[in-house]
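Written below as structure tokens is the structure these notes are about.
Order of writing sets the labels: A, B, C, D and E. Residues in every chain begin at 1.
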Amino acid sequence: GGGGGGQSGGASPSKQETLSVGFVAEPANLDFTSTEGAAIPQALLVNVYEGLVKLDQDGKIVPLLAEKWEISEDRKTYTFTLRKGVTFTGGAPFTADDVAFSLNRVASDWKLKIKTQLDVIDKVEKKDDTTAVVTLKRPSNGFLYAMATRLGAMFSRTGVADLATKPVGTGPFQLGSWKRGDSIQLTANPGYWGAKPALSGVTLKYFKDATAMNNALLTGGIDVISSVQAPESLQQFADPGRFQTVEGTTNGEVVLSLNNGRPPFDDKKARQAVRHAIDHKALLDTAWAGRGQLIGTMVPPTDPWYEDRTGDYPYDVAKAKELLGGKTYTVKMRVPNLPYAVAAAQVVKSQLAQVGITADIEPLEFPARWLDVVFKQGDYDISMINHVEPRDMGIFADKSYYFHYDNPAFGKLLAEADQGTEQDQAGKLKQAAKLLSDDAAADWLFLFPNLIVAKKGVTGLPKNAIAEAFDFTGLAKQ
Amino acid sequence: MILYLVKRLVVLLASTAVAGVAVFAFMGLLPGDPAEIALGVNATPEAVAALREQFGTDRPPLVQFFDWFGGLAGGDFGTSYVTSSPIGPQISERLAVTAVLVLGGMVIAVLVAVPAGTFAAVHHRNPLGAAISALSQVGIAVPAFLAGILLVFVFAVKAQALPSGGYVPFSEDPAQWLLSLLLPWSSLGLVQGAVLTRYVRSSVLDVMREDYLRTARAKGRGRMGALWRHGLRNAAVPVVTVLGLQLATLLIGAVVVERVFVIPGLGDLLLNGVAARDLLLVQGVVMVLVVAVLLINFLVDVAYAALDPRLRGAR
Amino acid sequence: MRGRINAGLIVGGVLVGLVVAAALVSFVWTPHDPTLVDAARKLQEPGGGYPLGADKFGRDTFSQLMVGARTTLYVGIVAVGIAAVIGAPLGIVAGMTGHGWLSELVMRVNDLVFAFPALLLAVMLGAVYGAGTLTAMIAIGVATVPAFARVARAATLQVMVTDYIMAARAAGRTRRAIAVRHVLPNISSVLIVQASVSFAIAILAEAALSFLGFGTRPPIPSWGRMLQESQELLFSTPRLALWPGAAIALAVLGFNLLGDGLRDYLDPKLRRIRAER
Amino acid sequence: MATPAGTPVIEARDLTRVYRRPRTSLTKPGEAVHALKGVSLTVMRGERYGIVGESGSGKSTLLRLLCGLDRPTGGSIRFAGQEIAGRRDLRFLRDDLQIVFQDPMSSLDPRMKVRDIVAEPLVALGRPIGGRVAELLEEVGLPASAADRYPHQFSGGQRQRIAIARALAPRPKVLVADEPVSALDVSVRGQILNLLADLIDAHGLTLVFVSHDLSVVRHVCESVAVMSEGEIVERGAVDTVWATPAHPYTRTLLQAVPTLEGLL
Amino acid sequence: MLSVDGLSVHADDLRLVRDVSFSIAPGERVGLIGESGSGKSLTALSLMGLLPEGVTASGSATLAGQPLVGVPEKQLTRLRGRTVSMVFQEPMTALNPLMRVGAQVAEVMTLHGAARAAARARAVELLERVRLPRPAQLARAYPHQLSGGQRQRVMLAIALANEPELLICDEPTTALDVTVQKQMLELIAEVAPALLFITHDLAVVAAMCERVLVMYGGRVVETGPMREVFTRPRHRYTEGLLASSRLTPRGTRLPTIKGSVPPAGGFPGGCVFRNRCPHATPECETEPELTGDGHGYACWHPGD
């Protein structure tokens, strides 16, 4: 075993430093069991809450609160051996009871859509204080992966009274203070079971305005920009004597969603026309300064079943027009009011206009209004969102999901992949991804880059953002 | 005098009540059910119903209104559907920040405008006076956020002299508090100061043409002496109106500056509330803003009475 | 009776004329399609058919400015139109009923509406009906109603104490005829001045709303949004912010100067009734 | 024009008018201003009736009531036998009674051409205009070209002529004038008074003439009423009142006016 | 004591007052008459150095040896309110509405060196002297609480406070009622030192002054002892003015002057009155000098 989260940061002597990290979206509250959105797990998972396992930088599942685990022959029983001496902030010890409590609570109390990913759990049992046994209804390749997400976060039985403001976890940090509208402060957890993080605290500062965030870094107001929202401005930070830029990848696919459920995009040809009409390279260059990677389907290169599908629909205006059969359309393009979406939408509009599709852009406030109008009511023709959840191809299998993509063959492939062996899984998922692309269930504009800018001397920055959390444990300042 | 104040006070209270109804009714138009929004896409109907009951949104609108409005009177703004925390403290915290921002900005505006406007009026026939009024025209024409961005560019990013943004509470570090507010104050103060300068100038010009100023000079006061002793207070009456107007619009108008300088003010809270469909929060903030404006109007009326004996109506 | 044509009037008229001309010409001609994205022209320097260069989408800045003038005027005209159509009659009615209860009521309602500044209304309306140019205009318009009503009332009160109103009444004119034939023409200069000043304010309000994301929807060019979009390039390509910034400032300046100039020109006597912000 | 003298045109009985000032204290109601306290007067057909009094004595208030521009708090006013107090339809009154105001600057709408100003009573009463404007302008001694100009292009005396032309437009039987020459230069005052006299003779008008100057009234009118503090304190033939004022107030008034004759 | 020589007043290129010369001896009361727009107020204001902006005076005027025209403001402030005072036409606007009247009276004394307390006490005395009732209470009133006549008395109290050598009154009673006017005139006649009294009412001048100056079109057209000018006017304008001032009994036609006073800049060259004068001949196109000693007039065809 050994390891866990503390590994990388323990190196530097305990020069008790703090860092300020700039983020875009401030959580509305701290309860990710009932509130959607990426902001809460980004701040709290791994840092405050820990799961039995976590994803490492390469997307591998590694132990965290579980020292190890065993999987039964039929791949339906997982036996987790828990780390000893772990306590929640506040002092309650972490035991198998908490594992059962936390996992059962997902079905009973969580209010998120993604909680269905753990529906495969049949039961959770405590064998002894340090051994928890999870039995699945059927074999699932996705289970353990889901356990690395917020769904697998471990809660204290006595610590869920006020999740919105008082998170209680086992992680290296605990909540210090929260100045709403401004910042959240995390301080080192003195009772942490693993190696102490190099930092005595982290301040998460929230900026609604990309320029303001840039300025803050330029003037020393913050030390790190967690995710650059204005990539054109990166050259301000070109001076290597002052700044460093980390560019990695995420598993956020910026999807150009097409409403498969209503005309005109219930017609595969119309969707294919859209895919041909978009010059993805030009789009990436103009909308996001060429940062990021082109992809052709719902799989990022960090997933084991990645295949390059960018050649499926080359930019071809004539072809697109042909597919549209000379017809022209006026469609509603409802996009979230986020920088990348508003920028890309303007490019998409301009490019679609070349093939005779007039897209009326309507930016909707994210999250509330976009979630309501597009995601929930499905009242849109074209939309666009960065689907940040890892390994989320499954969303296309749900006919009620806002894409309204309906191809039973796709669902079947996914189910087979989940239940089959690991080799089966990769093969089936490759097929599924190709099917999505062929069907033009959507268009994939680009893979969102992980762009971090920090002051020189900040170390331990995560190159890739493929998990939900922004992991502060390795962060240090020289 | 007392009658005048009582009248204004009655108007203030009545307006507040009407504003309450208006705000509540308007918010009722917001699309979406708070409970559904809070629970997300796949919530079961039972869960939604339960949450509605918890929020109290299942009751008749009239009951909700009186519950809400009654609460306001006691300073209780309810508990947010989204953040599940009480709204009152949030608003008061943000209001304090915005108030400091706006008042500081207006102090600068007044400090700029009164001398500049008076000077421009007194010297309205010579180039320097004309230059000041031209400058004020340009100042009025610059959007506040642009002024802010430019100030950040020059003083924070280039000169590295002041922080580019962020707000440090006074209680935490008075020196940093002051530093963090200098640029926001300046960008509000300069733009509003330009606006005010124009009004001070024309008000002083008007006063300079008044007969009683000529009387004062006939008594042996110099031009400036007469203006100082007799003119400025008279000129102040219309300027107070403009000051009130500016204060009133700035309470929300400062949001652009709050955005540029990352200051957690009331406008910012409002925009967050709108973005998160936090109905009660939005309702509360709007109500506070509206009442603040009504209150400012009231204070302007009081200031009139203090300045101008004719309004006191005593005979 | 007329004042002199002054420098402000001329400068203001020229600036406003430029905006109007740009807007009108843009209907029939712009150098390029202002919304056409062209990766090859990304951040093109000025020159070569792109007099002011291109933005990060490769869109021609000059064309965008021209069409942006349209948005600016559109916002101003509709907002000021709403305010004038509602505010002026209210003010006239209030002024003509002197100090009666109706007048009092109108003014109190007016004060109440005044408590909802443009930005607040825009955010509220945007929250309900979705942000966009129309909601922005309505919000700005409604928020400007009190200014019009107040100014119209003050001017009407001044007109109502004159003997020509008495004379018209003695001649047997109805109230409505008096309002239309005597009051309106005599307060029109005040209203024109107010319209001009309100126009300037509407332009600024639209810019602020665009900055906050409650303004004109992309990709319709709007100076406010151009400014907002150019922020991230402020360091490397400041001209992208310079042009829309200058356009806004000059248009606002133009309308303000025009308003002041018109006041002095049209009716020097009524200069005591000031346009309100 | 045959006007049977001796029939009353205007009969006012016990007119009162109370204005209420806005209240200034919480406990007391607003102060009441008794602008008229029981004024009665009768103007005969063809008579030239003067009203004199100091500022605030209620002259203008009385005129407003007589012209149906304001409502009395109490009392009655009959015009040609018909009651006008409190009546809404005053067309018969408008047809027959017109008014000239004191300040020729403010009694003409600056935004209207002289043509429209003069024609206004006709338009309001729905009468044909025809060539009436030119006719009227000529009658008051203005060139026909004046019709296309604006009031500010005329001097004070000319403006007062325009106002008189307007008043004469509907061929009224009664002309009411509120201090019509007080704002004019002396050199012009005579012109206007002569004009008025000519017009009254020519049209057989009844005149109600308000002034603060008894000597002007003496020149214009045959009867006079002296007002003080909302009451008529003395009335009678002008020459009698001028020569032998009965009321002390009238005497004060007479003594207060400096006259060249008396001083040289 | 006051001697004015060749005083002219310009606004831009308009000459509003031309070449006015006269003098006032100590204790003398001089009337300045003329219709509206003849330049009376500008003449008075130029003596006070209070001309409106954009209007300038040239020529010379000295009061008790001190120059009044073309001297710096500083020098004038010492004279104003002390050596020479002025009462203006409009009592309703001439007082500061935001200041108690007692303070406004006291101000003129503290300005010229009096102690505060003394000035306050004397202010009440002065209010009594101008015959205001209950002066102590009245001193604490605001201007809007006083009637027009009362305000004009306050103005007079201000003017008299420092015992000036010359009092200038610019139509001080035009806005007042006749009965109030009479009291006011009597009061002025009683308290005034040397007096320059401006009015358009010939009868008022006749009641107040020993000597008159008749102005028309910015020029003094006739000057002389009041009685003489009024009984034997030489200038045709004065003649016409006198004729039209007499209101004859009913039934008679009033004598008039034809036409009306032109606006500034609209007066003819030569004799300013020639376009209205019944006796005008081509000779009148050249400007007549003000001639005749004691009783001077500027007319080519004087009456007898």
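Structure notes:
Criterion: contacts are C-beta pairs under 8 Å (C-beta built on N, C-alpha and C of every residue); 3 or more make two chains touch, one makes a residue touch a chain.
What you are looking at is a predicted structure, and each value in this text was computed from that prediction instead of being measured.
Separation of chain A from chain D in touch steps, taking the shortest path, is 2. If you compare B-E with B-C, the chain pair joined by more contacting C-beta pairs is B-C. Put simply, the C-alpha centre of chain C and that of chain E have 50 angstrom between them. Centre-to-centre spacing of chain A and chain E amounts to 90 Å, using the average Cα coordinate of each chain.
Work out the mean CA point of chain A and of chain C, and you get 45 Å between them. Under the contact definition stated at the top, not a single residue of chain E touches 2 or more other chains.
Residue positions 22 of chain D are each in touch with at least two other chains. Residue positions 31, 149, 157, 259, 271, 274, 277, 315 of chain B each touch two or more of the other chains.
Chain contact summary for the complex, chain D toward chain E: residues 48, 54-55, 155-158, 185-191, 193-194, 197, 212-213, 215-216, 218-222, 238-239, 252-253, 255-261, 263-264. Of all residues in chain E, only 48, 50, 52-54, 73-74, 77-82, 85-86, 88, 90, 93-99, 107-108, 111-112, 142, 144-145, 155, 158 touch chain B in the complex they form.
By the touch rule above, chain D contacts chain C in their complex via residues 22, 67, 69, 90-91, 94, 97-99, 101-103, 106-112, 120-121, 124-125, 150, 152, 163, 166, 170.
By the touch rule above, chain B contacts chain C in their complex via residues 11, 14-15, 18-19, 22, 26, 29-31, 137-138, 140-146, 149, 153, 157, 195, 199, 202, 206, 238, 242, 245-246, 248-249, 251-253, 255-256, 259, 267, 270-271, 274, 277, 282, 286, 289-291, 293-294, 297. If you check the complex, the residues on chain B that touch chain A are 31-32, 37-43, 47, 82-85, 90, 93-94, 149, 152, 156-157, 160, 162-167, 259-262, 264, 268-269, 271-272, 274-278.
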